[in-house]
Amino acid sequence: METTLCIDQYTSNKSCSIGAAVSSAKPERTLSYVDAVREATDQEMDRDSSVILFGLDVDDPKAIQGTTRGLVEKYGSERVFGTPLSEDAMTGVAIGAALAGLRPIHVHIRMDFLMLSMNQLVNVAAKSSYMYGGKVKVPLVVRSMIGKSWGQGAQHSQGLYSFFMHVPGIKVVAPSNPYDAKGCLIAAIRDDNPVMYVEHRILHFQKGPCPEKLYTVNPGKARITSPGEDVTLVGISYMQLECLRAQKYLEDVGISAEVIDPIWLAPLDVDTIAESVRKTGRLVVVDNGWTSCGASAEIVAQVTERLQGVRDIRVQRLGFAPVTCPTSPPLEAEFYPDSRRIAQACNDLVHGKPQNWHPAERPELKDL
Amino acid sequence: MYEPLYKTLYRIRRVEEEIARIYPTDKLKSPVHLSIGQEAVAAAMCAPLRREDIVFGTYRSHATYLAKGGNLPGMLAEMYGKATGCTQGKGGSMHLIDLDAGVMGASAVVGTTIANAVGYAYSVKLRRECTIVMSFFGDGASEEGVFAESLNFAVLKKLPIIFVCENNGYAIHTHQSKRQGLPDICAKARAAGLPAELIEDNDILTMHERATATINSLREGTASGPAFFECKTYRWKEHVGPGEDFKLGFRTKTEAQPWIEGDQVKRVAALVPAAARKEIESAVEAEIQEAIAFAENSPFPDVSELMTDVFHTVSTPAAIQKAA
Amino acid sequence: METTLCIDQYTSNKSCSIGAAVSSAKPERTLSYVDAVREATDQEMDRDSSVILFGLDVDDPKAIQGTTRGLVEKYGSERVFGTPLSEDAMTGVAIGAALAGLRPIHVHIRMDFLMLSMNQLVNVAAKSSYMYGGKVKVPLVVRSMIGKSWGQGAQHSQGLYSFFMHVPGIKVVAPSNPYDAKGCLIAAIRDDNPVMYVEHRILHFQKGPCPEKLYTVNPGKARITSPGEDVTLVGISYMQLECLRAQKYLEDVGISAEVIDPIWLAPLDVDTIAESVRKTGRLVVVDNGWTSCGASAEIVAQVTERLQGVRDIRVQRLGFAPVTCPTSPPLEAEFYPDSRRIAQACNDLVHGKPQNWHPAERPELKDL
Amino acid sequence: MYEPLYKTLYRIRRVEEEIARIYPTDKLKSPVHLSIGQEAVAAAMCAPLRREDIVFGTYRSHATYLAKGGNLPGMLAEMYGKATGCTQGKGGSMHLIDLDAGVMGASAVVGTTIANAVGYAYSVKLRRECTIVMSFFGDGASEEGVFAESLNFAVLKKLPIIFVCENNGYAIHTHQSKRQGLPDICAKARAAGLPAELIEDNDILTMHERATATINSLREGTASGPAFFECKTYRWKEHVGPGEDFKLGFRTKTEAQPWIEGDQVKRVAALVPAAARKEIESAVEAEIQEAIAFAENSPFPDVSELMTDVFHTVSTPAAIQKAA
C-alpha cells in the first residue's frame, strides 16, 4: 500500500480551499470525519506495528461512532481492545506502553472523562521527557470527544483542551474537517510526544474532501479557510463551522471576514493569526469552550502582544456562556455561540458600536 | 408487604414504558437510560428506607428515584426540559434529584456518587443522626479507582452506608468478564473490610428481606459501619434509548430469556389479590397520565434562567447563625 | 470569643497599606502566614460546628507546615482527621459532606496532587449547584500548596489554578500575605460555593500585620499594594512579593510602578486593574504559573477588551518558563521570574524598547 | 549467592549513609528519601532479575535503582544537580532513571508508576519479549485508586509483571492502621485475582527464594500473568531527610528496635567469609568515593539547557522505518 509520507501540500498556501488543495491529487474523494479518523488509524496501524488502539468500547458494536469500526477484526484484540472503566490507570498504562516503544492511541468517548486522567497526563505524560533529561519519550495520542445538544448537559459537553495548552510537554489539536481529521491524526500518531486529539461529535457527521494516501497536517500551522479584509474570525473545533456560516451572513452586510482555523492549539500558529489581524485590524475568537483562561484568552493575549505598537486593533472573545451546560433546549441554545450571533458580534465590532442587525436564519447554510 | 412492593415495581415499569413510548416523538429532550428489568433491586433496597434516609444514584436512576419516593411530575417535566422539572431543565434525565424524598442526585460520570454518598454518611455519623445512606451503582463503576478508595474510607470510619451494586452484567455493550480479571465484586468489598452479600437471581423477596435485616441492624446499632450488596440483574433495553439491542450481537435474546421469564413485576403481581392489584394499577396509570400532562403543559424555562444557579450568594444565614 | 463579622475595611480604600489599615484596629499584631491560616481555621471551627478539616497528614506531627497545629487536640478526631492516600474519593467525600450541610476544608500539601481530584472538582463540585437547579450547595474549601526550590522539581512545583478559573462554579483565591491569608480563608469557609484556596510554601514564612478578630477579605476585590503612575504591575500569589521588590528596583531608575494584588482570581476584579492601566497605560502581569491559557492570559485579555478604544496600552506577561520545572539550581533560577527580571521587563516596556539596565541585587529587599 | 546479595546490601546502605553525611553541607540540591533499613526488599527482589528486565520505582528509589544495577555516579551527580546526573539535573533525586540497567524511572506522585509498569508489561507481552517487569511501591500507594485499577488490568491481560509492595507500615508519619479499614494489602491483590504472598519479617533470604521461584516460573511459562508480594519492612530514618524522626512521637524507638536488631546487612555480612567481605567492602567504598568526587567535580548544566527536552523532534526514524 501507499506509504510515502506526504506533508499537507497547502498549509503553505494558506488561502486556498481544501477542495482546491486536494483536487491537485487526482479525482477528489469525499469522506466523513468518522471515516477519515478510521482510515488514518487503519493506515497507520498497517504501516507501523507499534501503533495500538484502546479505550472504553473501542471494540464494541458502536465502535466509537464508527471511528474504530473493523479494526479489531483486522489487527486483533491485542492491538485493539476495550478496557475496564479505569481512566486513571489506563492512561498510566498508555504512558507505560509508550515508554516501552509502542504508539498507543487512547480513546475517550467524552472529553469530560479526561478529568480522571489528569494526574497521569499532567504529572507524567507531559513531564517524562523533560524530567528524565530527554532519555525517554511518550508517543501517545489521546482521542476525546466533545458532546453537544440533546440533553448532554453538565458532564457530557465540555471542551477542556485549554488545560493541556497550559502545561508544557503536551500538544493539542482540534481538527474541524475530514481532511485535517486524517492528516492531524497521522501527524499525532507519528509525533514522539503526547498529543491530545480533540474531536467534536457534531463534526463527526461532516463530509469533505479527503485523499486516500497518507499525509500529515503538521503541528504549528493554522489555515485561512476563507480569506477576507474586514475582520479576522478564528473558530476552534466545531466553532470553525459556525464561523464559516457567520462569514456568509456577513457577506449580506458587505463585511468580508477572514476565517482562520488554528487546527493545532499547541503549538499555536500565532503568526498566521497575527498577520491576518494586522491586515484587518479586528479579531474575533470563537471557542468551543469557556473563555476564562481558555484558548480564546491565549489567542487574544498573544495577538495583542504581537501587534501592540504596530496597529491599534479591536478584539472580542466568544465561547460557552460562563455557566454549566444546561439541558433544556432554550437554555442550551443560549449557552452556545452560533453563526448568527457570531455575525452580529463581528458586525458590531466592525462598526465600533452595537448595530441593530439580527440576520434571519439561512437554512441552506446548515449543509455548509 | 406485597402490595407496596408491587406498587413500586408497577409504577417504575409503567413510567419507563411510557417514556419509551413517548421518546420517538422528540418531546423528550434528554437521553434516557431505562432500568426496565432491573426495577426489583431499587424497589427491594429502598422499601425498608425511611423518607429521611438518603440515596445517591447514577444516570440510570429512574428506578432508584421512584422507589425512594421521588416526585414523578418533576421527573417527567425534567425530561421534557421544562421549568417545572426537578432541576428546572438544567440537569436533564441524568441528574434527577428530590431532596424531600431523600434522593440526593445522580451523576453521568460513572462512580462519582459513590464517594459523595460516603461523604454524606460521614456527616450523618459526625452529627449522630439516625439517617442511613444508600449508594447505587453498576458493575462497571466497581472498576473505577474511586470505588476501592470510597469503600476503604467507609470501613475505616465505620459509616452508616449501604453500597448496592446493580450488576446487570454489562457496561454498555461489554460484558463484565471482558473487563474484570476476577469478576467477583463481593470479593473486592470483602477485601476492603465490608460484609458483602451476593444475590444472584434478581429475587426481589430475598433482596427485600436481606436489605431489611441489614438496615434494621444499622438502626438498632447491632451492626456499625458499611454493608455491601451485589445484586445480579438484567437490562432488557439498550444501554441508552427506548429500544432493544440484541440485534447488535454483543448479547443474545437467549441470555435474556430467563431474566425476562423471571420478571419480578409479574411475579409480585401474582402475589397480590386481584382487587388490590387493579386498584394499584389504575392509581398508577392515573398518576402517570397526570404527570405526563403536567410535563407537556409546563413552560420551558425563560432564557434568563441560563445565568442563574452557578453560585449561591455568599454566606447563608445558616452559616452565620451558628456563630457563638 | 469575638464573632462579629467584619468586612475587610480597606479593599474600599485601595491605596492604603495593610499596616495602615490594621493600625486602626488597636495595637497592631504581627503573625506569620502559617499562623494566620491556623488562626482563621481555629476561629471558624470554634464559631461554626459544621466546619471540618481533613486531608493527608493534617493531624500528623508536621501539621501541614503548622497550619493545622493543635486543631485535632481542640476539636477532636471526628472534625479534624488525616485520610488515606485517596485524593479522588476524599474529594468526593468532601463534596458529599458539603451536600449534607458540613463545611469541609480539604487540605493538599501540594497543588500537583489536585490532578487526582479533577474529576470530582470539575465534574461534580463546580456543577452541582447549577445542574441540580440550585437545589444543593457545596460549601467546600480546598487548600493546596505550591512548592518552590530545593529540588522540588517537575511534580512538586506547579501552580495550576488557571484550571479552576476556567470552569464556572468554582472560586479561586491566592492570598499573598498573612492579613489576606486569614481574611480570605474565613471568607472561603463562609462561602456557599467551592473555593480553591491556593497557598505558596515560601509565603508560609512571611510575617505581617494580622488582626486577632474575625474578618473577611471578600471575593472579587483586588488591592493596590503600592500606588504608582508609570506601569501597572500585577503579581499573583508568591509573585506579588517579587513585584513589590521589583517596584523598589524600579524606583532607582525613576519608574513608579503601581503594584496590584488580585487576591481573588475568580471572581476577578478587573475593574481595579483596568482602572490602573487606564492611568499608567502599561500592564505587566507576573504569574506564579505558566502563561499559556493562564491567569496572566485572562488578565491581559480582559484588560485589553476593556480599554480598547479608550487608551492604547502596552502589555506583557511573565511566568514560569514554558518548560517542566527542573531541579538543578541554575536551571531552576532561570525557570522563575524574579524581582530583578520583572523590573527589567517593566523598564523596557516603559521605554518602549529593550534597555541595557540590569539592577544589581539589593539583599535588604529579601526581608520585604 | 550470599556474596552478590551482600554486595548489593552493603552498597545501598553505604551510599545512603554517605548521602546522609553529605546532606547537611548543602551540596545536595534535592530532598532525599532514604531507604536505610528497607534495603533487603529491593536487594532480594532484583537479584533474580536480568539487566534487560525492567523496574519502576518511587521517590524512595535509591535501593531499587542500585539493586537493579543503576549507575552510581549518575545518581549522585543528579542529587548534586549536575549536568552529569542521570537526568542532567532536570529530574533530581525523585526521578532516578538508568535505561541501560532497566531502571525505567520513578515518580514523586504516589502510585503513578504502578500503572506505567503495567503498561510496559503490556508492551512486553504484545511483542512476545521475555522481559519481566517489576513495580515497586509503598503501603500508602495501595490506597490510591490507580492501584486497584492497575491490578485488575494486569490480571485481565495476564501480564508478566511482579508487584512489590514495600510495606514499611507508614505513609510519612501515619500508620497503616489509621489509613486502611482492613490493613491487609495481600487481600486486595487476591480480590483482584493475583497470587499474593506476605513476607512478614524483612527476611532477605526468604524474599530472595520466593522472588526467584516466581520469576523462574514466569520465564519458564509455568506461570502466566502477574504476581504480588507484600514485604513488611521498616524505615529507620525520617520520611525525607537524613535524620531520625522518633522524637516526633508518632512512633517509638521500641517499635523500631526489633527491625534494627534484625538488620539484614549485618545478617548477610555474617554469612560471607571475612576475606570476601573485606574485598566487597573496600571495592564499594572506593566506588562511592569515586562517585562522590565525580559528582562534586562535575559542572552544573548550562542555563541554555532549561529550554531543551520539553519535546522530542517530530517523528523519529524509528517510527518511519517501520513503514511498509
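In this document, chain identifiers A, B, C and D correspond to the written order of the chains, with residue numbering beginning at 1 in each.
What we mean here is this: a contact is a pair of C-beta atoms (placed from the backbone, for glycine too) under 8 Å apart; a residue touches a chain by one contact, two chains touch by 3 or more.
Nothing here was measured: the structure is a model prediction, and the numbers come from that model.
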Pair joined by more contacting C-beta pairs (B-C or C-D): B-C
Longest centre-to-centre distance from subunit A, chain (CA-based): D
Mean-CA-position distance for subunit C and subunit B (Å): 41
Distance from the mean Cα position of subunit D to that of subunit B, given in whole angstrom: 45
Distance between chain centroids, defined by C-alpha means - subunit C, subunit D (Å): 37
Whole-Å gap separating subunit A and subunit C, where each centre is the average of the chain's CA atoms: 33
Contacts with two or more other chains, residues of subunit D listed in rising order: 85, 88-91, 95, 107, 109, 143-146, 149, 152-153, 156, 179-180, 309-310
Sites on subunit C at which at least two other chains make contact: 83-84, 86, 88-89, 112-113, 115-116, 119, 123, 130-131, 153-155, 168-169, 322-324, 326
Contact footprint of subunit B on subunit A as seen in their complex: 56-57, 60-62, 82-89, 112-113, 115-116, 150-156, 321-324, 326-331, 334-335
Of subunit D, residues touching subunit A in the complex: 56, 85-91, 95, 97, 99, 104-105, 107, 109, 112, 114-126, 145-146, 149-150, 152-153, 156, 308-316, 318-320, 322-324
Touching residues on subunit C, where the partner in the complex is subunit B: 1, 3, 5, 47-50, 52, 78-79, 83-84, 86, 88-104, 119-120, 123-124, 128-137, 139, 168-169, 171, 187, 190-193, 218-219
Subunit A - residues contacting subunit C, complex: 88, 112-113, 115-116, 118-119, 121-123, 126-127, 130-131, 153-155, 158, 160, 162-163, 165-169, 266, 289-298, 300-301, 304-305, 308-309, 312-317, 322-324, 326, 352
Complex interface listing, subunit D residues touching subunit B: 143-149, 151-156, 179-182, 184, 187-188, 190-193
